[in-house]
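Look at the two complexes coming up: chain A is in both, with chain B in one and chain C in the other.
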Partner chain A sequence: MTSSRLPRVVLYLTLLFLVGPFLVVFIAAFGGEPTLKFPPSSFSTQWFGRVLGVEAFRGSFWTSLWLGLASTGLALLLGVPVAYALSRYRLPGAAAVQTLLTSPALVPGLVVGLALLQYFVNLGGSVYPSLLAAHTALLLPYVVRVVSTSLVNLRPDIEEAAMSLGASRLTAFRLVVLPNIRGGVAAAAVLAFITSFDQVAVSLFLTGPGVSTLPIAMLTFMEYNYDPTIAALSTLLIAFSVGLVLIFERLLGLSRYV
Partner chain B sequence: MAGRSLTPWLLVAPALAFLGVAFLYPVITLLLSSVRAQDALSLGNYAAFFSDRFNLEVLGRTLRVALVVTFISALICYPAAYGMQSVPPRYRGLVTALIIVPLMTSPVARTYAWLVLLGQTGIVNSTLIGAGLVKEPVRILYTEWAVYIGLAQLFIPLMLLTLISAMENLPRDVVPAARSLGATSLQSFTRVILPLTREGLVVGGTLVFTGCITAYVTPALLGGARVQLLATLLYQKAGVTVDYAAASVISVIMLALTLTVAGALRGRTGRTR
Partner chain C sequence: MSHLLLERLHLRYGAAPAVADLNLEVKDGELVSLLGPSGCGKTTTMRAVAGLLAPSSGRILLAGQDITHLPPNKRDIGLVFQSYALFPHLSAFENVAFGLRLRRVQDSELRRRVGAALDVVGLSDLADRLPANLSGGQQQRVALARAFVIEPRLLLLDEPLSNLDAKLRLDMRGELRRIQRELGVTMLYVTHDQDEALALSDRIVIMRAGRIEQQGTPEEVYARPSTPFVADFMGWQNILAAAAVPDALRRAHPAATHFAWRPETVTLGHGTTSGRVLARTYQGEHLEYLLESPLGRVKAFAPTGAAWSEGSEVTFELSTERAAALRDA
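Presenting the complex of A and B:
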């Protein structure tokens, strides 16, 4: 009997290994000492206040939020038509198009960042457009994959019915297809936003003094500070992701798309 | 009729144009710059890179770390994924959520947890000292061990999810059938489960391996300057010492490694189908 229980024990221990560190961060965030200690010997909530007080975090938070929303929007705008074309038309060279579109997921993020640094920034371009371009390229494969999945699962005859009743293809897409793939598009948007918001590798070379994203600002802050501020900020970020995942898991079944 | 065949191209054109200008052209330019020196075709950058012992050490370490983490992930995830089948159905959603949530969480926050746990005053050291196993705090941070632990936590969810779905596709009775025919549990694993889930293992292994090759935050925070991997070396060359020639060579090596593994995967799953 014990031999059949062993795999489940391994599973639970693995979950502890995956999630346990989060609990440690939560507890450390409420530590009372000015240097990071675990377990803390006194408790306080001062570090959460400190997070809001650090100028580098406030500025970079807005940059990350703006960048996440803009790159997600742009990736949807470019990616949804591609998903539609790939699932509804017989495209000569579809395999090549698909390979090209997944290529940003195959190239290491640091390499993408460095390439865009040399291309845009050294050409005298500004940092923001290159950050936006890099993030959008990174998100495109996810958007195309997730939206394609829901398009493949949607039978094409209902839009054909709409068109045989006189709707143009665009009208049929807007009134028939889009409402039916809403869940997939929303799931793609959530995945894309989180991917952009948490991104380090692609952004690393494209940020600098003046322009920084939140994850990069955290890394910089950690080099010089050893107090629980980062624990408090990490707690907020973990709560944010868990909340986002739970809401969308309940609404859309996000796990089907990961 | 002509308009009809043009529509799909109009739909994919903006995305392709965008990728061409904002992604492919810059990346290809960077890769090509590795074989140029003073505006002439040259392998000098490669010769310089490979003649530096330190660089070779970093390359070897990166491969070793990626292989070890992939192997350990498979070793842990096989029994864990098998264990999922004996989890009561109403808890399976929760277990899946606990596997997915770390994937959706900032890698900085996830890696930071290990700084708290593995540091000189961290819980691991205070437990070891408290139990009387060691007298002085053990150095774990900034060693290869810390990088193994951090990367394993980062990428185990990918292997676990892949193997769980591979085992869900396993015919339900094959293991009991093997056991009733006299197979030991080891034999039923090596002769039945392993061959039937090999594709999942290859997919999961590829995700973990390429993830380890390209991860930056974990080696930067947990390995520090002592345990450099290709990703941290790339950052150092391009961001700190501004040695773009070396950076372009490292870029080519990293990309070649991930593409080789991903390509091998494609060939492999293509054949088994």
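Presenting the complex of A and C:
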């Protein structure tokens, strides 16, 4: 009996290890005390109201949302053609491009952030374009990787079939390739958006006076306030991410691609 | 009148020449097979005709028009792949309708033509199914309907039956012939299966290492092979160098380098040469004997009644009238 119970115990402990931190944050968000405490000794929902009252959160939420959507859009616009070219053509230097595209995901974010800071300071770029460019570069590897996976599973000869039926290369891509990698593109979009939305390391260096993303605003807030507001906000963000993933999973079966 | 004309076509695959100096003519309404082992250049030739591969030199003419540099979508050439290459996200109906939609055919006309095409291949009942829910044979029928519904000037088929099982392959072979007759469409058919080529073709073009080895009607290439390569491909399993055969035969065909006999024409039990039975294999209608003889190894078919055991000596005759005189190219 014990031998069959042991794996199950290990499984539950692992799950607890993974989900535990989230549970702590979730429970602490409903604490009644004025400082963050676990377990809380009284119950309150006032902190959720307080989140909406903090000006820095409201502004930075819209910045993060805008930044996440725009950089995801740009990364898809660049990444889908790159993934297509890498999978369909024997290009000279394809391996180098592949390595180059993977490197931002391998180099620590702080290093990338510092490098980009130097770069943009020298270019004299303003905050918003710098953030957008940095995030786009950061998301590109994820997009290329995920979209490539779904292209590998798609036969190239269906494009030839489409062309023999009268489609140009571009029409063949639009009518035959795109519908069949829809799921991969959607998965890449969700992954990219979430990566941008909770990006700290790179944004840290590039946010400027008056411009902040939500994660940076949260860090700044915590330096001066240690009440459950931050736990309430974290809970809302977790719900937001989980909701996003669930919707796409329902619509497209996301887990097949990531 | 010639419909498709390949003039001095040279094709490269990577650095190596895949097809060299190919000249080929296909007449209107004709079904011509390109037959040969893998790597002989038959598929490369077909891809060049489809526009998926640019020739390094030479010309391709279709109905008198030079299409050598025309992109594939402007050629009006239907293509059927070995892998079917159906669009996985579209139903059988929409797969067939694809080419018509690109041609902006009106909806009522489109429904009529797609319906008729699905009817020809016997799939009217399965029009709404996705390719994943069709069997291999059904998928190949959809691929065929999709290719001919646009009424192409030429239909190219690249080993269309080789992914099907043996029984289905025979059925589809008959179907293909019927459809080709019904529609009167000119077809270029690529295959490595000589039975398929013999059964389907008006004319067979046998390719070897990027060149045409021999061409002719099925009867011609089957009964009168001109080179050892063609003879071997057509089942003339006994090929002997000219030096090994009796003088009388050699004198009758002074230019021949080799002579060939089909195993069913080798008579066992009487004759001028003797050989030892190396192996005996039961093949249903007959027994197949492999003999070791002074002439070399000889294969012969004999009725199942007669029986020589392995290791025993048997006399045989290679008849002069049934020999094919070959000339190595």
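Brief remarks on what is shown
The rule we apply is simple: the second predicted complex is superposed on the first by the 248 of 258 C-alpha atoms of A that agree within 3 Å, B and C clash if a C-alpha of one lies under 4 Å from a C-alpha of the other, contacts with A are read in each partner's own complex, and residues count from 1 in each chain.
Assume a contact is a pair of C-beta atoms (placed from the backbone, for glycine too) under 8 Å apart; a residue touches a chain by one contact, two chains touch by 3 or more.
Please read these numbers as outputs of a predicted model, since none were measured by experiment.
Room for both chain B and chain C is found when the two structures are superposed via chain A, with no clash between them. Looking at the shared chain after the overlay, A:L140 reaches chain B, while chain C stays out of its contact range. Contacts of A:V25 after superposition: chain B is touched, whereas chain C is not reached.
Applying the stated contact rule after C-alpha superposition, one finds that A:R155 touches chain C and leaves chain B untouched. By the touch criterion stated above, A:N180 is placed in contact with chain C alone, chain B being left untouched. Of the two partner chains placed around the shared chain by superposition, chain C is the only one that A:S168 touches, whereas chain B remains out of contact.
Contacts of A:V121 after superposition: neither chain B nor chain C is touched. Between chain B and chain C, B touches the greater number of residues of chain A. After superposing the two complexes on their shared chain, the closest approach between C-alpha atoms of chain B and chain C is 6 Å. In the superposition on chain A, none of the residues of chain A is touched both by chain B in one structure and by chain C in the other.
Contact residues on chain A toward chain B in their complex (touch as defined above): 3-12, 14-15, 17-19, 21-22, 24-25, 28, 36-39, 78-79, 81-82, 84-86, 88-89, 91, 97, 100-101, 103-104, 106-112, 114-120, 133-134, 136-137, 140, 144, 169, 194, 197-198, 200-201, 204-205, 215, 218-219, 222, 230-231, 233-234, 237-238, 241-242, 244-246, 249, 254-255, 258. Per the touch definition, chain B reaches chain A in the complex via residues 7-9, 11-12, 14-16, 18-19, 22-27, 29-30, 33, 76-77, 79-84, 86-87, 95-110, 112-117, 119, 121-123, 152-153, 156-157, 160-161, 185, 213-217, 220-221, 231, 234-235, 238-239, 244, 247, 251, 254-255, 258-259, 262.
Taken together, the chain A residues at the contact with chain C in this complex read 155, 157-158, 160-168, 171, 175-176, 179-180. Residues 50-52, 71-73, 75-79, 81, 83, 85-89, 98-99, 102-103, 143, 146-147, 150 of chain C are the ones touching chain A in the complex.
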